[in-house]
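Next, two complexes with chain A in common: one pairs it with chain B, the other with chain C.
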Partner chain A sequence: MKELFSFVNLVINGLMIGSLYSVMTLGLTLLFGVMGVINVAQADFIILSAYIVYWMSHSYGMSPFISFIVTVPIMFGMGMLLEKGLIEPLQMRTRSHGEFVRMTLPVFFGVAMVVRHSMTALWTGDYRAITTHLTGKAFTSGLIRVPILRLLCLVGSFAIVGLLYLYLTKTKTGKQIRALSQNAVAAKIVGINVERIRLISFAIGICTAGFAGYLFSFIYTFFPGAAGEWVPLLFCIMVTGGLGCTEGTLVIGILFGVVDSVVGYYVTMAFSRVLVFITMLLVLLFRPRGIFGRGL
Partner chain B sequence: MIKDIMFSKKDAKLIVFAAAAILILIIIPLTGNRFIMATTFTILTYMVLAQAYNILGGYGGYVNFGYSAFYGLGGYITAILSTQWHVSPLLMVPIAGLAVGVISAILGVPLLRLKGVYFAIGMITVNFIFLCLVLLFPKITKAGLGIVLPPPPPLQVFCYLAAAVAVVTTLAAHRIANSSFGLALRSIREDEEVAEVVGVNLTKYKVLGFVASTIPAAVVGGITAAYLTYIDPDTMFNIGFSVKVILMARLGGLGTIAGPLVGALVIQAISYALRYTLGGVLHKIVWGALLSATIILLPGGVIKYVRSVLVRRSAIS
Partner chain C sequence: MSESFSGKDMLTILLIVVTLISSAGTLFYVTSLSGKLMNVSDDLEGVSGNLQSVSESVLTLSETTVDIAEKVGAPSPELSALAERLEAFEEAMEEIRVEPKEYIVFGRSLAFTGKYTQPALMAHKGWELWIKLVNENGGIYVKEYGKKLKVKCIYYDDESDPTTAAELYRKLIEVDKVDLLVGPYASAVNYAVQSIAESYGYMLPITEGTSTELYERGMRYSFMCGPGGVATYYSYPFMEWVGNLPEEDRPSKVAVLAEDTAFPISVYEGVIAQSEEFGFEVVHKELYPKGTTDYVPMVSAAKDAGADLLMCGTYFPDAAGIVRAAKEVDFNPKAILCTVGPTLPEWGSELGADGDWIFSSSDWDPGAPTFGNAEMISKMREEYGIDPDYHTARDYACGQIMEAAIMAQGTLDNDELLDYILQTSFDTVIGKLSLGDVGGLTHIAWPPGYVIVQWQEGEVEVVIPSEVATADPAYPTPSWDERS
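Entry: the complex of A and B
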């Protein structure tokens, strides 16, 4: 009986961290789907946002719970700068779209190095964590235990995914973003301002990192190099769920969260990651557009 | 016939260059200066890597971001075998090269069906699978602790060995580039479908190119492991390492023989200069910025850029 409850607890925990995985991957999926940008720096932006939450609460006494109002705009601005400074020139200088897509990877690798080591230079390599009055508290009923912060994380993740979904399907700009992701040339022909939409969608992709970092800071400890362990996992979620497919990212993120939680407990974390990576390779080989991907 | 015996003017120039380079390589270890020897060794290993990467990445057009996987695998096989059997690591390097050749031939068949960005992502995943496998078997690999290898032979040995490997790899790359194999790879790069229609055996040439580019990586990984006498998963299976090698080949000029050599020399020189002037953390920030900037500003590589500038100059004057 106790075994069963610990299993249920693990699954609940997996659901909660999995939802965070999804939000962390969301920006990657959006950027790849709309523009073909492989943003290996996403995890570094997440850690940077977590640091911003940390310093806002430590230096200015801002409550960590509302600090997403700082991180999200900062990341939005950063996204705009990066688009203007890197993506546009790269696009002009590469001969084909395929080459552009491949070259975004090393370019963003450079960005990741700059962000990561700037954080080390500014704030040292020490581990940081955010503690609030809710840290360590949980709803308990019998043997089932649900940590409050992780539950909040789940709620926050679903909120942001829902918001993004509404934005992409209901607003005019959102529809234009989707049009661009389906066919860039056709989007241009029907009169969509492609440059503007690229700028906006890139900035949105990066600013989801701002929100993910805000959620991340509550349940994980972080240090500048922490991004390195996350990048491969985020890529796996993106590819398995379907390149450019938001729903796929959500489902697979949660699934991998559960796998990490359960397998990580019963076997080891490394084994869980091997499972996840091999799953992704198989998906890549036999269904390259991903489990939920439609076309491509 | 006469052409085979007599060298053209271009060949003569090339031979002078090669002779000079080999002479320098012979003299450097004789100086006995440890700094110079260590630097030469590192640059030579990067030359091998960039040259070998260029076979599939430059001629074949398959960008391999998981190149470090085979470097790391070579290093780990060398380290594990030499510590288990108590023999000199350098003797295990050929075994590591062979083993990685076989492994990459097996992996290459399914992986090389992926194209473009999918191949890039797939190879990154292979790198992380190897990394996790190392962590998964701590009894054999010592996991995150890393493996300590037996004390290395003198530095001169490494210098000569790296030089020999570099020469062999360059000659092999030259042979491949000027053979039907190289032609097949180039046709695959330009248009895979057309190549297939014309009768190029895609799988065969892609896998051969893949193996030809991973074996030198494994050999260098093994030699480097013996040289450092300590390896750990994070330095051996590091994507940043792959990116560096790719940048070297690209910066020098993809699909040329001299390109990767020049690229390795230039980038390693910049890397050293940055490290000595800026120190630990700052040099990595500048290095990252330079990395992004060079890819955006010099998409065709240094050699192409210099050539185009020279052409423009001569056109003006």
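Entry: the complex of A and C
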């Protein structure tokens, strides 16, 4: 009986970790799906947001729980700057969409390095963590344990995904974004202001990192180079779910979280990661567009 | 592949093989070329030496010419023109005269970015502190040069990556031409650098590498310089202490978790060996990959296995992750020990009360009256506003050893310094350090000296051994419920 409860706890834990994985990957998927941008720097923006939460709390005494109201707009602004400063010039200099997509990889690798090293220069390599009165506490009911902060992540993830879904399906701008991602030429023909929509979609992609970083900061300790540990997993999730396919990211993110939790317990964490990457390889071999992907 | 093996596939494979062979060949050629280039640079040194003697001759010649001109009386226009030209030539020669030696140049790479940044930066401060103090005294007297030479160090960022570090050390030796090397941070990174130092005949004082892997290789030029002993000994004083507790207080089941890299693996092996020695059962053991982010599954497994002692071979992010995971799953062993993480000052500032009661291991005792200890602590507070930790102390100790060795031998020659260091015992901030070859390991600090520390209500106290303890060990540690 105790075994069963252990298993249930692990699955619940996995769902919660997985939801965070999904939110972290969401921006990556959006940016690729809508704009064809391979944003290697997504994890670095997440860490940057975590630092913002940290400094808001330590320098200005702002409660970490509400600091998403700071991180999201800052990341949105950063997204707009990057779009104007990097994406548009890149669009002008590349001769085809395929070339643009390929070029975003080294360009954003450079962005990642700049962000990472700027953070080291500004804030040193010291390890940081957000500790609140809720850290480590859990709701218990018999043998079931649900850590409160992880539950916050789960709720936050569903909230942001729900909000994004509503935005993309119900608002005019959201529909324009989806139209652009489906067919850029047709979007122009029907009169969509492509430059403006590109700007907004890119900024939205980066500001999901702002929200993900806010959630991330409660669970994990971080330092400027922490993004390096996350990039492989995030890409794995996006690729397995389907490049640019948000449903895929959500489902696969949660699935991998559960795998990490369950396999990590019964075998080891190392094996869990092996399993995750083998899954990605198998999916790429037999269904290259990802489990939910609609094709490149 | 559903098609049969076609000629096109054959051709592709052939092309790949040819490319591999030619790359290997090019690599060989380039390395032999670099050997030749080293000879060329030696020749160039000889040439600049010659230029120096030429300029000296020209100087005497111009002086003689002026003498002659004076004796002869009013100088003839040709002679004065000649004198002028010689003066101009001599000034030009001044420019390319070889600089006399002013500095002892050390070279090292450190993890200024990446996972190991924080402890590496503490080590960096220790090394810089020693350099500052030495230079304030005018430098180190080196008999070979007949004067005091100041010290400086060239640093590169190895990003906590072994392969990057290896290349950087090659650069330090071949391009920057440093006099002496110092090892990087982390055993895994030192491992990669050892072979470079060995092949060039440079000694590698390892200040931040205690894994047994480093000292099993029989490398002549690598030696422990600063740490109090190999990593397997980190846990020994603690295991010995719990092992000798009365029956009702002793733990019986141990869980060991460690990162899957050189140093934590040594700690892991040490704990397992000591569990056997003191009669504990190892109920859960796990080596996790370096990039692990989630520790809840493995800590849950340790809890469900019934462990009442948790020993961890960690750095900082993983130690913090494990302790937080223990709180989340309500795992309450009699004690938790984690290496490295809890010895850093931000363990208390970042984790708050969650970091209390955790044990850790250090080879440096801040209160001990060891050589230069008080001076190092006060200088550290003055320069950086924080207290040193054992990483700082180790690198400072390395400086003390280097200084003593250079003064004793009167030279910067790597072989002569190495021979001296291997046979001598030194007084340092860590205590008396001497090297020995023990149990298949070469050039390690012997006998080992570690103390166990514990965070108690936001302060780090030395708790074991009792002779140097500043507080009693709080054992068994309070449960998570009891703390709130």
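Throughout what follows, the second predicted complex is superposed on the first by the 294 of 296 C-alpha atoms of A that agree within 3 Å, B and C clash if a C-alpha of one lies under 4 Å from a C-alpha of the other, contacts with A are read in each partner's own complex, and residues count from 1 in each chain.
Note that in this section a contact is a pair of C-beta atoms (placed from the backbone, for glycine too) under 8 Å apart; a residue touches a chain by one contact, two chains touch by 3 or more.
Only a predicted model underlies this, so the values are computations on that prediction, with no experimental measurement involved.
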Touching partner for A:N13 - first (chain B), second (chain C), both, neither: second
Chain B versus chain C as contact partner of A:T120, first or second or both or neither: both
Which of chain B and chain C A:I291 touches, first, second, both or neither: neither
Contacts of A:L152 with chain B and chain C, given as first, second, both or neither: neither
Touched partner set for A:Y220, first chain B, second chain C, both or neither: second
First, second, both or neither for A:L134, with chain B first and chain C second: neither
Which of chain B and chain C A:R273 touches, first, second, both or neither: both
Which superposed partner A:P89 touches (first chain B, second chain C, both, neither): first
Doubly contacted chain A residues - partners chain C and chain B: 116-117, 120, 232, 268, 270, 273
Residues of chain B that touch chain A when the two form their complex: 63, 65, 110-111, 113-114, 116-118, 120-122, 124-126, 128-129, 132-133, 135-136, 239-240, 243, 246-247, 281-282, 284-285, 287-293, 295-297, 299
Interfacial residue positions of chain A with respect to chain B in the complex: 36, 38, 86, 89-90, 93-95, 98-99, 101-103, 105-114, 116-118, 120-121, 232, 235-236, 239, 268, 270-271, 273-274, 277-278, 280-281, 284-285, 288
Contact set on chain C toward chain A in their complex: 111-115, 117-118, 120-121, 159-160, 260, 286-294, 296-298, 300-301, 304, 316-317, 320-321, 324, 327-330, 344, 346, 350-352, 354, 480, 484
Contacting residues of chain A [partner chain C, same complex]: 6, 9-10, 13, 17, 116-117, 120, 124-129, 131, 135-138, 145, 147, 150, 220-226, 228-230, 232, 260-266, 268-270, 272-273
